[in-house]
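The following pair of complexes shares a single chain, chain A, combined with chain B in the former and chain C in the latter.
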Partner chain A sequence: MRKVTKMSVNRFNTWFEVLRFLIAIFIAFAISFIIMSFSTDSPFAAIGNLFIGPLTSVRRFSTVLEMMIPLTFAGLAVNVMFKANQFNLSAEGAFFMGALISAILAIYMPGQAKLVLIIAIIAAGIVGSLVCAIPGALKIKWNCSEMVVSLMLNYVMLYFGTYIFNQVARDPNSAYKASYKFRTGVGLSNIIPKTRLHSGIFIMIAFVILTYIFMYKTKWGYKLRMTGSNIHFAKCAGIGVSGVIMSSQLIGGFIAGVGGSVEMLGMYTRFQWSALPGYGFDGVILNIIAKENPAFIPVAAFFVAYLRIGADYMYKQSDVAAEIVSIIEGLVIVLVAATAFLAKFRHRMTTKVSKNMLEAGGAKE
Partner chain B sequence: MSQVFESIFSTGFFFSVIRVATPLILASMGAVITSNAGITNIGIEGVMLVSALTGVFASAYGFGPWFGLLISIITGVLCSLAIGYVSMSLKADSALTCIAFNTMAVGGTVYFMYAVVKDKGTTIALNSGKLPSLEIPLIKDIPVLGEILSNHNVVSYMALVMIFVVYVLLYKTPLGLRIRSAGKAPNALSSVGVSFLKTRYIALGISGVLGGMAGAFMSMGYVTWFSKNMTAGRGFIALAADAMGNSTPLGAALSAMLFAIAEALSYALQITTISPELVQMLPYAVTILGLIIYSVKKSSSDKKKREQLAKN
Partner chain C sequence: MSSYYKGHPQNLVKDIGYRMKEKVILKVENILKVYPNGIVANRNVNFEVYEGEIHALIGENGAGKSTLMKILFGIETPEEGRIILNGEEVKIENSKKAIGLGIGMVHQHFMLVDSLTIAENIALGNEPKKRGLFIDKAKMIKQAEEYAKKYNFKINVTDKIEDVSVGVKQKTEILKALVRGAKVLILDEPTAVLTPQETRELFAELKTLKKQGHTIIFISHKLNEIMEICDRVTIMRHGTTVETCYVKDTNPQEISNKMVGREIVLHVDKKPAKRGEVCLEANNLVYVNGIGKKMLDGVSLKLRRGEILSVAGVEGNGQAELAEVLTGMKVPINGTIKILGKEIKTFTPATMRGNKVTYIPEDRMRNGCAAKLSIMDNLFTDKIEKYLKLKIFLDRKKMKKQSEELVKDFKVKCSSINNQVQVLSGGNIQKVVAARELTEEAQIIIAEQPTRGIDAGASELIRRKIVEYRDKGAAVLLISADLNEVLELSDSAIVMHNGRINAYFKDTSTLTEEELGYYMLGVKNQSEEEVNAILCEK
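Right, the complex of A and B next:
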């Protein structure tokens, strides 16, 4: 009888979380709508375009999927690092460096194209690991704030990477700041003609599954989660917490680096980034929306990508700046992360559900 | 090489150090106040950015730069309190709140800039004006020192005064004691009947004032327009300065100066043959190095303390 009660309350909690998320989205849109109505005469048309934009053509819908790929990688990378309770934001730098290294290998490395492609992706992952390892190592060794170090490190990587790019890969004949073209055949193949959707999406799916299995089905992942949720308990249980934290930063960095290379080799034919791509912070955003569950991260990534592409369409159609989307995102995050939001309602409902269950159970007896 | 030395050991270089240091000092003072109250305020980056924009708007459409400064400060306070409301009253994780706020600040400022001036890059089209520079009597007549210290923007002098003000506030007033206890011993604070939440709100409000001033300086002193993401991580550097300065006003200000020197150096070295990217990397790399040195020192002194305790 008691088991039934508990399950129902659990089911209520899941249901409540979904409801809370929907309400958060609704409020975020409502506020953004009010903001938009100040700057455009036809806010309804604008927000309509935001919603339907990605559905107006196959091309646009596939852009959503294209954008979802790097976002998912960023989300997974941040997920693994955050699970060890490390607020390491250097996925940003790892993404940038991963993309750069894979680009350089794609330009210069001789040999069979497919082999070069695989090596470029793995090399990007390793470089990403090294980048994310820096804040982790400094935290473990000397207790430096991993958050501040990683924020600074991203800029160091941006300028250091740009330096390498200028020295090694920059094409002096190109009209804009870009590298030489990648070798033919070194690139992730296109899977839907007339779009840019590339086979990186399969790599992404593989990484989602692997991360989920790693986190919830392996001993290593269990150790990691335990260390993250209570480091003292983990120490008492005889877990080498330093090693666990370090390995989680390395794995997170690896995912970010691979993400950078997949984005570079799938979407571009030359390296042409001159600023940080912003995926490090996007990864954090996705984890809040996905409640830090790797299985939900692609869904969250799809949601965010859909919004952004929709906003782009809105900008072209209605002359409302696409940046409104960052206000929507921010509000959603704030409301989802705010545990006190709707907490009273939840408390009341939980009490009611439990009471009902108890009474129902009592009646049976 | 002599060219390098000439450009570094010139009065112009030291003048630019103070100019570059102004927003860093102001923001790091804000970070000092909040971190003493036990909050790591990454949101100061976004606060600076938003107040830089509102300052420009208020100046252009209102009553000039001084009015702009006032509006910047008010914006800073409101933004900080909003961060506080979400993280403390709505109980969201404070780092996540700040990241969400920064995201909104970067996009939101562009959104409103576009809505008002139809430009996504800068507000150069607006004639928003500049806060005046001050000539300091007496000091301006001293040969070398005068050239370095006089004729700065009025906000730069305010920044220097703020170091002193924050010091007095934190260590010589009851409010300062409360703020410090809110960070170190919140329970002790409640036990004497002082609201812990209220104290933190006040600390955030003060950091908003400082962040607002820093923002106003960026768009109405450093340059005379707002441009997309113009703070470029200065709020994060301020956090690093606070960490390196062990959350003391003087320490943080000195660290901020150090970062300013690195930044000014990166401008001065741009005329040489050294790669500009490596020079641009300098301030951030110096910040990391500084943090490492500080942490190494701290961890070894902690170790000593522990050993001492063990002996006793």
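Right, the complex of A and C next:
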């Protein structure tokens, strides 16, 4: 009798999660629409542009995919660390340093172009690992809060990176702050003509699959999830938790570093970042939307990228500020993350389902 | 009195006789409580408590007792149903309201501030004031003393909580409730942490309270206590009240059968121990905790294959630390541990596990499971290396097969092995822990309070399993505060007091709870020579 109850309640809960997400998006748009209507005379046209903007041309749609690539990498990097219950935000710094290192290699490293490309990506991953390892090591050694350390570390990385950039790679003849040009042929090839969509998307897909397999199919992922879920228990069961925590950040950092280099080598011909790209924090947002499941990270990344490109289009077509999208994004996240949102409705429904099941089961008994 | 009769027809006449004299102080009608995860914790709950009685509430874990009490104390709100106090329907939204209505609760885990004195703890929240601003200490102490005297509680109210025994802490909790004007007092498993002597004291106090007109709701697993002190008993099963009856009209076997819904065995049958070689040998272990207190002060013991050695003692006398040192969770500052003659050099859980030491921890939610992960994931945490393909990938098929067997073997009640552990009841979570730890490979099993707070059915199963693995040749160290369990299961027993072993009994068949109690309190002590003599002989 109890069995029946729990199963149907589980089904109800899955259904409810999907519904809740849709309602959250709807409410977020409704609120944004109200705000928009204050700042423009034609709010309907504006919101229409937001929705259909990315679909108006192949080029715009490919921009969505282009933006989705770094977002997905950031989401996966943060995911591996979050799953081990480490709130390490240095994916941001790892992303930046990964991009820089791959840029420097792309400028200076001699040899066959394809080989340079591969080495640049791997080196970026290793540098990313090293960046994310710092908060991890301090946490294990001295129990420093990885969140505080990583937040501060991001700025250290930005200015350290900028210093290296100025010393090593900056092109004095460039009109704006940029490095020398990458060597010809060192770059991720374009896959759709007349767009900037590059073959990094295949690397991204590979990383999504690998992360998923790592997390749910290997012993390392198993130990990582155990440690993240209950560190005391993992310790008690003989899992070397320090090693697990450390490796989660090394792996997360590696993914972030690779993400940085893929973005750099796919989208640019010179290194020209003078601020943190912000993908590390986007990674946190994606994990909230994707409920920390690596398989859903690309979906969430697509959603966010679509919104941002749509906003850009809306901004260009009408007099609405592009910042409105940050408001929508914020509202969606607040509503998705708020576990109490619609909780009363859910509880009433759960009660009803359980009671019905009890009665049905009771009749059977 | 409008309610219809819910007792056994045989008792009808008797009950009507009693009823004429009794006034219903608290009545609960048709309570339905559904938790957000869909578990129906209470349904069709009906019961009445008479003024001035001690009313027992008994049921297996997961039967809904605690939920019901939380509803009465305002911690949970029911979806349906009515609570009637003194003839008026009340809505208890929070504990403040409950206290205002004269309902007090003593939780199983005490809610006291360790660094304050008893009097301060009692006054906490409504301290007597001097000139409206300063706390009137003298008055506070006087007030606490008055109450202690009124209810005949033998305590020194200026002692700090951290310095007093568990029994005194409990008295403080009871006084705290009484000072706040509690007429109905809910005690959640009050005797779980007490020695037999302390329990007797508590019962005397409860009788005093009863005489002074207080009503007590007494939650317990222990049938003999209910028989001893309670007037009536309400039995709960699967979230529903099964029956309320007068204690004098029933007997322990009848209650336990109704509780479980089937005949249960109150005794575990076991063959005499066939002791083999020494598996684990600890010598002169010393462990000092974070605040510099010596928790283990020279503990030596020998544990043999095929025997169950119990460690009894009042909580906080070093038993927990002994378990933690033996499982590698804590590193002793002195002393040696040998497993099968081989000395252990590094004290980590991994090395101990490597030497086939398994561990059923006391705090199952903290150390025994990952509550958010599935049952299947929780069954292989210590031995995942044995369930791999190509040395890297999880062999889900093998894991699934093994999980299904274990779940069946240990009778874990769940809809699937993919259920999260946190949706199970306490007893079933403990079965999952036991299913993981009690395996063929286990050489030394360290079981710490393996049946604490779980229902009779699950306890019976886990105890039977422990004996089964003993018979298969494992050495078992059983740390338990439940003396009944100690006497029931163990072949030999030691008693710990102040971090030392103050008694060693090679044979437990003639031992009584009283005798153990004296050693636990340190009233009686075996000399070091006596302990050593038994140690060496073994």
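Criterion: the second predicted complex is superposed on the first by the 347 of 365 C-alpha atoms of A that agree within 3 Å, B and C clash if a C-alpha of one lies under 4 Å from a C-alpha of the other, contacts with A are read in each partner's own complex, and residues count from 1 in each chain.
Everything below uses one rule, namely that a contact is a pair of C-beta atoms (placed from the backbone, for glycine too) under 8 Å apart; a residue touches a chain by one contact, two chains touch by 3 or more.
A quick note: this is a predicted structure, and the numbers were derived from the prediction, not measured.
J.: In the superposed arrangement, which partner chain does A:T351 touch: chain B (first), chain C (second), both, or neither?
T.: second
J.: Going by the contact rule set out at the top, does A:G240 touch chain B (first), chain C (second), both, or neither?
T.: In the superposition, A:G240 touches chain C alone.
J.: Output check: A:F38 vs chain B and chain C. Expected answer is one of first, second, both, neither. What do you get?
T.: first
J.: Which of the two partners, first being chain B and second being chain C, lies in contact with A:A295: first, second, both, or neither?
T.: neither
J.: Determine, under the contact definition given at the top, whether A:N230 touches first (chain B), second (chain C), both, or neither.
T.: A:N230: touches chain C, not chain B.
J.: Give one of first, second, both or neither to describe whether A:E329 is in contact with chain B, with chain C, with both, or with none.
T.: first
J.: Where on chain A do the contacts from chain B and from chain C line up?
T.: 343
J.: What does chain A use to touch chain C in their complex?
T.: Touching chain C: residues 2-3, 5-7, 9-10, 12-13, 217-220, 222-223, 225-226, 229-230, 232-240, 343, 346-347, 350-351, 353-355, 358 of chain A.
J.: Taking the touch rule as given, give the residues of chain C at its contact with chain A in the complex, in rising order.
T.: Going through chain C, the ones touching chain A are 32, 34, 36-40, 43, 79, 238, 327, 329, 348-350, 352-354, 359, 361, 366-373, 377, 380-382, 384-385, 388, 392-394, 396, 413, 415-416, 419, 423.
J.: How about chain B: which of its residues touch chain A in the complex?
T.: Touch list, chain B to chain A: 40, 42, 86, 89-93, 95-97, 99-104, 106-108, 110-112, 114-115, 120, 233, 236-237, 239-240, 243, 275, 277-278, 280-281, 284-285, 287-288, 291-292, 295-296, 298-299.
J.: Of all residues in chain A, which touch chain B in the complex?
T.: So the residues of chain A in touch with chain B come to 35, 38-39, 87, 138, 142-145, 147-149, 151-153, 155-156, 159-160, 162-163, 166-167, 281, 284-285, 288, 320-321, 323-327, 329-331, 333-334, 337-341, 343.
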